[in-house]
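There are two complexes below, and they share chain A, which is joined by chain B in the first and by chain C in the second.
For the complex of A and B:
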């Protein structure tokens, strides 16, 4: 009987099946990798590519001209670019801490049971579900000097009429207040969820040891909430870097360029000035900025985890 | 037999669906195209062409056109282009002399368009579309105020001349100040401080009225020709007008101006209007001053009278696959029948014969004012980088007229930054 295969053939078959086995995971992952590349990576690479061209939007790809880092150099020399960056960072560093403070205070206050607690907690979340563009419109009308309810109230109290969106300082303050109003419940939502997850035994043990409210807050609540706080800040920063529609309908970047945030200026470059290359360079800059924020906060979060592990050990 | 009839009905329905040609049209959103939309089913019935309309606010029309129309591809068979953007899109559009003859509706003779408007669609010596509305500055003044005997007497006693429709800037300022200072109106003047294109219009209006152009085409290049001293005078005068304007004037766009003029019980004494918006101001359901407005040409500045033009042209992209159907639609839209009907509906087409139809002389008092304004039509400068320059002008113009910066400094900034834009653009 010669049904037995020669040794070389067997070896080849084994090698082939081993290769196939090694290849299999890649083949199974391939569709996911392709989708991730197409949806996440390709647009970024394309944006990077576009940012190296002088590309007038309405004239199509036919007239584009390679300029290398020319758009980045032009941005660095553009005072309006730096102004928009300054305003954007100001927006983030003023609005988000206040939102965090409000959200944290509300979470502490509502972390107890009382009649109607669930309804109150649910109602507090309403502004988050407001469409940004509607929020901008609503605030624009509320701040209208002559017909707006805010000025009507102030006038009744004897204050002078204020043109909130007509003055650079008050217009900038107004877009920040609008953001705080809409987004502080987001902070509340995350912090309240984290707060309810803190084991009550810890708090009770601290109380037995004689810790008062402030000591518990400083030594227990805040450290335990820190990972959630950092995550919430990171999410809000990424969101705030992209803020657009609400500011666009409230002020369109004005008066002058007092509220011309980074995103508004990017839109202006692309669709107003037709400079797609410049807008893409701004988008890449924004991406880098987001990554810097994300890395900083994620590292901070990870270092907290390490500390926790060490403490646990 | 019954089955055969059902099959036949299905076949016919399918055939009609397949054969119906569809054109995609991009409209700007105001009363004029919205009014037209009422009659579009008639066009569809007469021609078998289905009209698929997208209607957007003017800045979005610009964005959509930029993104959706190129030399080789277009999402639209017909786009409306604001006159300031004609240079940017001219190379992507089919010149009017190459538009087809029209099967159901006759090709429109461009000479039916009011001469002051025809220029709108001209670029590089070619007519690249058809101007479709008659939009330019017309002045509105409150009739109930200037005809009030008490105000007439008081005003004459104080200023030494008769109260009336402002014919000069000084008269406008005097009358506006009189009504404002006496608490009769919420605003003696209604400024426009909304979007960059509108503010640019106001600035050009003042500069022209004070005797200076801003940018002109010299030897094939847009060139800054502004006379700074005259431009500053124009800005300073507008600053005076701002002092008698309603609260919130710093950010007043069309919505706020209309609210101040029509919905405020005291209202505004005088301001310019785009004729496209007259329908809303004269609608008694929306306006407290409907029927109480006098229309005229703008008052004259030291250098004369000027009426800023803001007309839209309809254009067929070179890449359209339905050029003939799109042209057919324009021929219907610009026909005398439709234009006359549009006038009846208080909107303003570009056809001379519809605007001057004697039937409307009494019922549409603004038509005479439009005709008068057309004698003084002035265009905003047109070049590819106009959006950048508009932003610069808007920024410093508003800083100047609101006192955030001396007008002289604001004008210098406008000059310096505009020069920079033109230089970087390679002019």
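For the complex of A and C:
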């Protein structure tokens, strides 16, 4: 194509594209940067600002005044804050290991061909894409004392009726079980993909050398899957830190504050107690926590370089 | 030969056991979803009285009621409008930004790309309170514009990272040839590049739409009567004196239809879709 053009014209095109090259990235990036500034960066800065104020939601709820770090120190002394943090961390530390275990076991078991294997592997992912509010709603229905299917089954077996969501311990267990039900297939999805990417020759070589199932698992499969396992855990932690809608629909944080996870308590502070300053301080706290995990994930994966290596290869 | 047969039978038995266990687990996993769908075809009275499921209970009554329900109709309409608007804006802006990152070398490029990735992972509660105050100040609360803008906040960074692998995989030769022919960078992007990456754009659009479709917290806090989306309307069906399970489940099933169609149609892209940038390549 270029050979048909005179040399001067070619040169001009190159000079033009050189000039454009310096300006062009910003033309392409400007809209995204503007949007991100307006709906992400500015709100964060504003949150920081609000968190240094006693800031009532409506005028009837008090006077707006500067309190410096007052909201943060007040939070540190608020037992409800510590309760929500404890519940949040408990949620993460109980649900995610179980999800990982189930997902890993399923990935190992389903990594073979049997009748219906393909169907099982694809339908298993449906809960992951089930709307969170529908998940909360359905679990709330299943655990209803009078007409819920779980109690109907228990009654038939002769067990007493239990108000699952009316009891602090069982309600907390229920929101965790709900999360495990919905998200272990997510672990399965990532681990299965990584498992099928392991070269078959490696496994065969190990078999020829006489390695049994457990030895292969310990010295081959797990080390090879480790990067994926870590990534999956980090993704789940980041996701679990912001759990809100399914729990809101299921229990609204109750009974009492037995399932008042971090986001639910923040929402309660802002729109229930009308203490927007306190809520903003909580928002900043969670933000910092999330950024730490997100940066760990980003640093670990450095996806941009990997993408380019792939494209160059 | 005997040993071979023995090994073969063992393998068949093992596979059958695994198949049975797998289908049992699948049944447990799908049970709560099935309950939602089935309850949508039952009357509230049959559900609330704890009657066991019978075929003769099945009816479209709850669908009729919920489709006549003004609140749910408005929510559905808003969900579709907000979903389409925020998807269109995010895919347009996100594709441009993704191209900028994929094709140019400039100072701060890595930092910018990674901060988009971090922005995608921020908890909504950390943003929604100041969005509420900001939107209240400028009259955007409970408006389609406001909730669309809020949905754009997670969809733009999401689309940028979902598209990056599609974009970096395109051979630069096409664009270079067009540039030598005197085409501008913008011309190259719109006329040459976008048609090549069209499949990626479709994937990004579908997942961005689903993000918006499933979103609950922003809609709960930033909208009221006028701009509420369908998930808020469904939650409302369960908030009154009587729990209208039948209607809520019928409404939920309606919302579920596009989700599951897209999920099953996009099998190949599910991992990319759900992790967008969080997983290598």
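Going forward, the second predicted complex is superposed on the first by the 244 of 313 C-alpha atoms of A that agree within 3 Å, B and C clash if a C-alpha of one lies under 4 Å from a C-alpha of the other, contacts with A are read in each partner's own complex, and residues count from 1 in each chain.
The criterion applied here is as follows: a residue touches a chain if its C-beta (ideal position, glycine included) is under 8 Å from a C-beta of that chain, and two chains touch if they have at least 3 such contacts.
Note that the coordinates shown come from a computational prediction; the quantities given were computed from them, not determined experimentally.
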item: Contacts of A:273 with chain B and chain C, given as first, second, both or neither; value: first
item: Which of chain B and chain C A:147 touches, first, second, both or neither; value: both
item: Touched partner set for A:167, first chain B, second chain C, both or neither; value: first
item: First, second, both or neither for A:254, with chain B first and chain C second; value: first
item: Chain B versus chain C as contact partner of A:88, first or second or both or neither; value: neither
item: Contacts of A:59 with chain B and chain C, given as first, second, both or neither; value: first
item: Chain B versus chain C as contact partner of A:123, first or second or both or neither; value: second
item: Chain B versus chain C as contact partner of A:112, first or second or both or neither; value: second
item: Of chain C and chain B, partner touching more chain A residues; value: C
item: Common ground on chain A, meaning residues reached by chain C in one complex and by chain B in the other; value: 146-147, 271
item: Chain A contact footprint on chain C (complex, rising order); value: 15-16, 18-19, 21-23, 25-26, 29-30, 32-33, 35-36, 39, 47-50, 52, 92-94, 96-97, 99-101, 104, 106, 109-110, 112-114, 116-119, 121-127, 129-134, 149-150, 152-153, 156-157, 160-161, 164-165, 168-169, 177, 179-182, 184-186, 189, 210, 213-214, 216-217, 220-221, 231, 234-235, 238, 245, 248-249, 252, 255-256, 259-260, 263-264, 267, 270-271, 274-275, 277-281
item: Residues of chain A touching chain C in the complex; value: 1-2, 5, 9-10, 13-14, 17, 20-21, 24-29, 31-33, 35-36, 38-40, 42-44, 46-47, 50, 106, 109-110, 112, 114-117, 120, 122-135, 137-142, 146-147, 149, 152, 181, 185-186, 189-190, 193, 227-228, 231, 234-235, 238, 241-242, 244-245, 248-249, 262-263, 266-267, 270-271, 276, 279-280, 283-284, 286-287, 290-291, 293-295, 297-298, 301, 303-304, 306-308, 310-311
item: Footprint of chain B on chain A - complex, ascending; value: 56-60, 62, 144-147, 161, 163, 165-168, 251-252, 254-257, 268, 271-274
item: Touching residues (chain side chain B, partner chain A) in the complex; value: 59, 62-63, 65-67, 69-72, 88-89, 91-92, 186, 195-196, 246-251, 256, 259-260, 264, 384-385, 387-388, 391, 394-396, 398-399, 402, 404
